[in-house]
Amino acid sequence: MGKTSDIARARRLYRTVLTIRRAEEALAVLLAEGLIPGFIHLSIGQEAVAAGVMDALTPVDTVTSTHRGHGHAIAKGMGLDAFFAELLGRDSGACRGRGGSMHVADISRGMLGANGIVAAGMPIALGSALAHQILGRDAVAVAIFGDGAMAEGLLHECLNLARLWNLPVLFVCENNGWGEFLPTDRQIVFSLDKLAAAHGIAHVAVDGNDVAAVASKAAEVVAGVRKGGGPAILECHTTRVGGHYEGDPQRGRDPADRAANAARDPLIRARAALTEPDAAKIEAEVTAEIAAAVAFARAAPPPKWEDAAASVYTI
Amino acid sequence: MGKTSDIARARRLYRTVLTIRRAEEALAVLLAEGLIPGFIHLSIGQEAVAAGVMDALTPVDTVTSTHRGHGHAIAKGMGLDAFFAELLGRDSGACRGRGGSMHVADISRGMLGANGIVAAGMPIALGSALAHQILGRDAVAVAIFGDGAMAEGLLHECLNLARLWNLPVLFVCENNGWGEFLPTDRQIVFSLDKLAAAHGIAHVAVDGNDVAAVASKAAEVVAGVRKGGGPAILECHTTRVGGHYEGDPQRGRDPADRAANAARDPLIRARAALTEPDAAKIEAEVTAEIAAAVAFARAAPPPKWEDAAASVYTI
Amino acid sequence: MTELRYNHAVNRAMADAMAADPTVVLFGEDVAGAGGVYGATRGLRDKFGADRVRDTPISEAAIVGMAVGAALSGLKPIVEISFIDFMTFAMDAVVNQAAKMRTMFGAQCSVPMVLRTQHGGGAGSGPQHSQCLEAWFAHVPGLKVVCPADPASAYGLLRAAIVDPDPVIVIEHKALYATRVPEPDSLPILPIGKAAVLRPGRDLTIVSYGAALRAVSDAAATLAKEGIETEILDLRSIQPWDEAAVLASLARTHRLMIVHEAVEAFGVGAEIAARMADIGFDELDAPILRVGAPFMPSPVAKALERRYMPNADNILAAARRLLA
Amino acid sequence: MTELRYNHAVNRAMADAMAADPTVVLFGEDVAGAGGVYGATRGLRDKFGADRVRDTPISEAAIVGMAVGAALSGLKPIVEISFIDFMTFAMDAVVNQAAKMRTMFGAQCSVPMVLRTQHGGGAGSGPQHSQCLEAWFAHVPGLKVVCPADPASAYGLLRAAIVDPDPVIVIEHKALYATRVPEPDSLPILPIGKAAVLRPGRDLTIVSYGAALRAVSDAAATLAKEGIETEILDLRSIQPWDEAAVLASLARTHRLMIVHEAVEAFGVGAEIAARMADIGFDELDAPILRVGAPFMPSPVAKALERRYMPNADNILAAARRLLA
């Protein structure tokens, strides 16, 4: 890859990481104002996974995500207006205010939804990959899951099926060491590399807080899957800076752990690849974009009750 | 082990293998006569697993079984009268005619039931092991499953939990190469030994048609589990001589496969460990026992409708 | 005379749909090689290839979840779960994913998948292989549920389910697969949500569906000998169900009974009775009666299962109460 | 004045049961260290030890199946599934195993397990975290289902569930955990299957349960101002439910409405209405009305969720129809 494209990529990745960070920071404010229905799970500290993985995908590639899916949606191309309006439950939201934080989806861009059910996105990605395969599309499906989801039987069913049918699916594990309120080393006895080996599935590990590393590993692995090499696993070691949900008092958490996370901040590391003027320019742009989208969402009208029932079935 | 106990064991094991074989042969006849409700899955060719594993257990040890569970129930000590009467749906059956073939259970002997749902017995064994652990019982729980069940997520959830909590549970795989009507090599991409290794669980493989080998391996592995060594897997390579259910036309099956199975008959091999008079004596006894039990069951009255509703809840 | 068997009608519906639309695919345990436990998928792999007709491992949760994803990405998957009892492993994909996606994604997409399964007793299959769980699915907004009672319905409703843009659960009945009728002149696609009057009558209405209709017909024949004319409605669709047809029949007979094989308590009959106790109240000349299975797991012993399932005797007894 | 909070009542029920019986154990996701998503299990591990109170991995199917096995082998497990929506992964263990074992094993054993979970909306939790799925479990012979609406019921019914020899599903409500009442003088164990008259009245009967009772009470207060006296029944138990109490109330008021937060179609109200349209038919002076959620997944937007859930306005409108 040439120098220019290297720089372009670094800029692009930094922009995505930053957009996710600023968007989620804005969400925390909106939540505190009481504008967001329900609870939200922020991905602060994990943004490089979303940015790096989605950088390797085309618009026709499909993604299923998790309860912590804001970053994935943004990185896959969901517009910020639609994103914020959805989070605020507005009619102009991506899902017309029906889904909210845990269900941000943009089917036209291959973002098949965040998901409120742990592990549930994985077989959906598998099915999407099956469609790619049968319809002869030059496309891959990506199943994002957290390390906590390794305890769900669904992961294992999906790995077996993916390998058996040689499906063009990439499993991306966001391994942040936590599953809800408990460290995953107290939940899971096996490691993903050994599990992958048992299934004959390629496993690649990467520092999930180094967006350049994620992007280049993802590009490599996705290329293999795209060529028909069958399923693969990309395990991204990352950090959940906050609690499980925004507002989580994090009773059981060691303060040292939080400090260690701060030192690995993917945003700072992504910025280090840029010149100061480059970074500052992107920051100004992103700040303006977020502000505009938040303003749009704040002003957006709520959905109308009269329209709601009409969407249950296709008319 | 001394010579006398070796001989005693060989007799015991042959008797169990033979009892299961003759019992199931009798079932085939009873089914053809229209006396058995529903369909039945025979374990002909797999009897050495039941006989060998149960030989390593005490009455307080618990077992959960599969849809192909006749042999497990008999080997765990279910009386033949109760067994046949249950298969014929009689009131004196082990389950008073409510369960039938797929639900033979004898809780007092630690036989927690055959199970019509693939993989469903495994977490039940886990729970039983948890009770043994918490109540400080000198007991193990055994989860029997077929190789087809390896595709169910439940197996994977159970392996993880068993290891995490160091539960006294032995997973016994009856690997007969089939899952319903399809060879399991077209269903499952991983092998149990590698999966076990990924979980840090001991895995022991054995020729499941050599009852002496199964018994001695089972004794060894069960002893380890009993001592608090945590979960283990015993994989028994065995042969399903018949189809999935009795009467299965076995359309997709290679005749060569059936012939190969016959050569590995566990009954013939178990008999070879005995003198001719020894074997003949056991055969005479078993034949008489089965005949008596079948006669008992044939004559046994059906359950009364009036009693049925009373058992739904505990009174 | 050529005849049409129920399982062949199911098979033909899939074959015709697959021939008409290359995005229709079929997968499930033993559907390809073995042709399904009840033979309903036999020959389809040979006709349409191993790419479109696939045997799966025993992984119900993943299989159904996969259908959801396939439906989102351009296929029209048909997935077979061989016994409705095994749906207990796949409820998330059906209920939390397929049923909700259209609404929770703001109508960005449809989820055009069909889940074929079968329910019911009478075959001594025991408590874990005889359940009728359709009421669960009928309670879930976003799903449609049909229960074909005869070969023509099996064909017509399955074709309708496959072209329907939303998730449809097609529940066949194990005791019906071998039933046959004379080959019909035509096999139309039947609309989801429409009931059929199987027998007109003026004295009482019996609403039923699936295999229970046989006992209902037997009872009606007995009543007819006594000069009592029963109107029999085959619901065909459980969700949505044909409220207008039931109300119209009630308005003719003023007496209503609902019969199904599922457990009576909290079953499908409850909804129909409840709805008619509201919108049909003024038409009622007698209590609304239901006949369903008693509140116990289905027993395996033949002597018990016979009594457990709704039969002509139960129905007659209820009819006499209704007409008293 | 000391007060009793709903989640503390749940906690106390478990603590008292665990103190009284060493075979009672508790496990579930984040119940031990974190004390549960709604704080209902806080402190129990400290009191009873890490052997009896355990955090599990995120493996709902295995967890519930494990409870079944533990119950068969001498423990009285309480398992928490933090949202009823996640029960979709654990239906086999509840429905095919726990519910059926006593019957299908010929009454050799009981399965004394408790499954605690919570349902319901009003918190903007969205379509996959707001469902009310109690009707599913009520349809399954062998299960008992309770829905406590207040702190004293939360205590009394949970204690009853724990001593009950059969599997009981205890369904709390996320919007109730923080509600409080003055500390009662005593906290009795409440019988499963008995309803409570929350408000006596002569003009109409409203049967409800769980958090929906708040809207029912509001509506009744409005009606009272107009001189209309509503009798309110809190069912408390859904399976078995107190048929005698509902019938007795109907015999006093001759008008019946059922209100719940679950989707109306095929919901709990259907069974109650259907039953009363049979055994209570002669008492009815008006149609039986139901108020429940409309047939759509619950939406997350506040403006929609408010309208989606049954509220005093819906109930008043139905009451006026009932009294017209």
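Just so it is clear, A, B, C and D label the chains in written order, and each chain counts residues from 1 on its own.
We adopt the following convention: a contact is a pair of C-beta atoms (placed from the backbone, for glycine too) under 8 Å apart; a residue touches a chain by one contact, two chains touch by 3 or more.
These figures come from a predicted structure and were not determined experimentally.
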(request) Provide the labels of all chains in contact with chain B and in contact with chain D. (result) A, C
(message) Just the number, please: Cα centre separation of chain B and chain C in whole Å.
(response) 36
(request) With chain centres taken as the means of their Cα atoms, state the distance from chain A to chain B in Å. (result) 46
(message) Could you work out how far the Cα centre of chain C sits from that of chain D, in whole Å?
(response) 30
(message) If a residue has to touch 2 or more other chains to count, which residues of chain B qualify?
(response) 97-99, 103, 115-117, 151-154, 157, 160-161, 164, 186-188, 311-312
(request) Would you give the residues of chain D that are in contact with at least 2 other chains, written as numbers and ranges? (result) 56-57, 59, 61-62, 85, 88-89, 92, 96, 103-104, 126-128, 141-142, 294-297, 299-300
(request) If every chain is a node and every touching pair an edge, decide which shape results: line, ring, star, complete or other. (result) complete
(request) Using the touch rule from the top, collect the residues of chain D that touch chain B in their complex. (result) 23, 25, 51-52, 54, 56-57, 59, 61-75, 77, 92-93, 96-97, 101-110, 141-142, 144, 165-166
(request) Please give the residue numbers of chain B that touch chain C in the complex, ascending. (result) 36-39, 89-90, 97-103, 115-119, 148-149, 151-153, 179-182, 186-188, 251-252, 302-303, 305, 308-309, 311-312
(request) Quick one: which bits of chain D touch chain C in the complex? Just the residue numbers, please. (result) 61, 85, 87-89, 91-92, 95-96, 99-100, 103-104, 126-128, 133, 135-136, 138-142, 239, 262-263, 265-279, 281-282, 284, 286-290, 294-297, 299-300
(message) For a test of understanding, state which residues of chain B touch chain A in their complex under the given definition.
(response) 150-157, 160-161, 163-164, 186-191, 194-195, 197-200
(request) Flag every residue of chain D that touches chain A in the complex, lowest number first. (result) 29-30, 33-34, 55-62, 85-86, 88-89, 123-129, 294-297, 299-305, 307-308
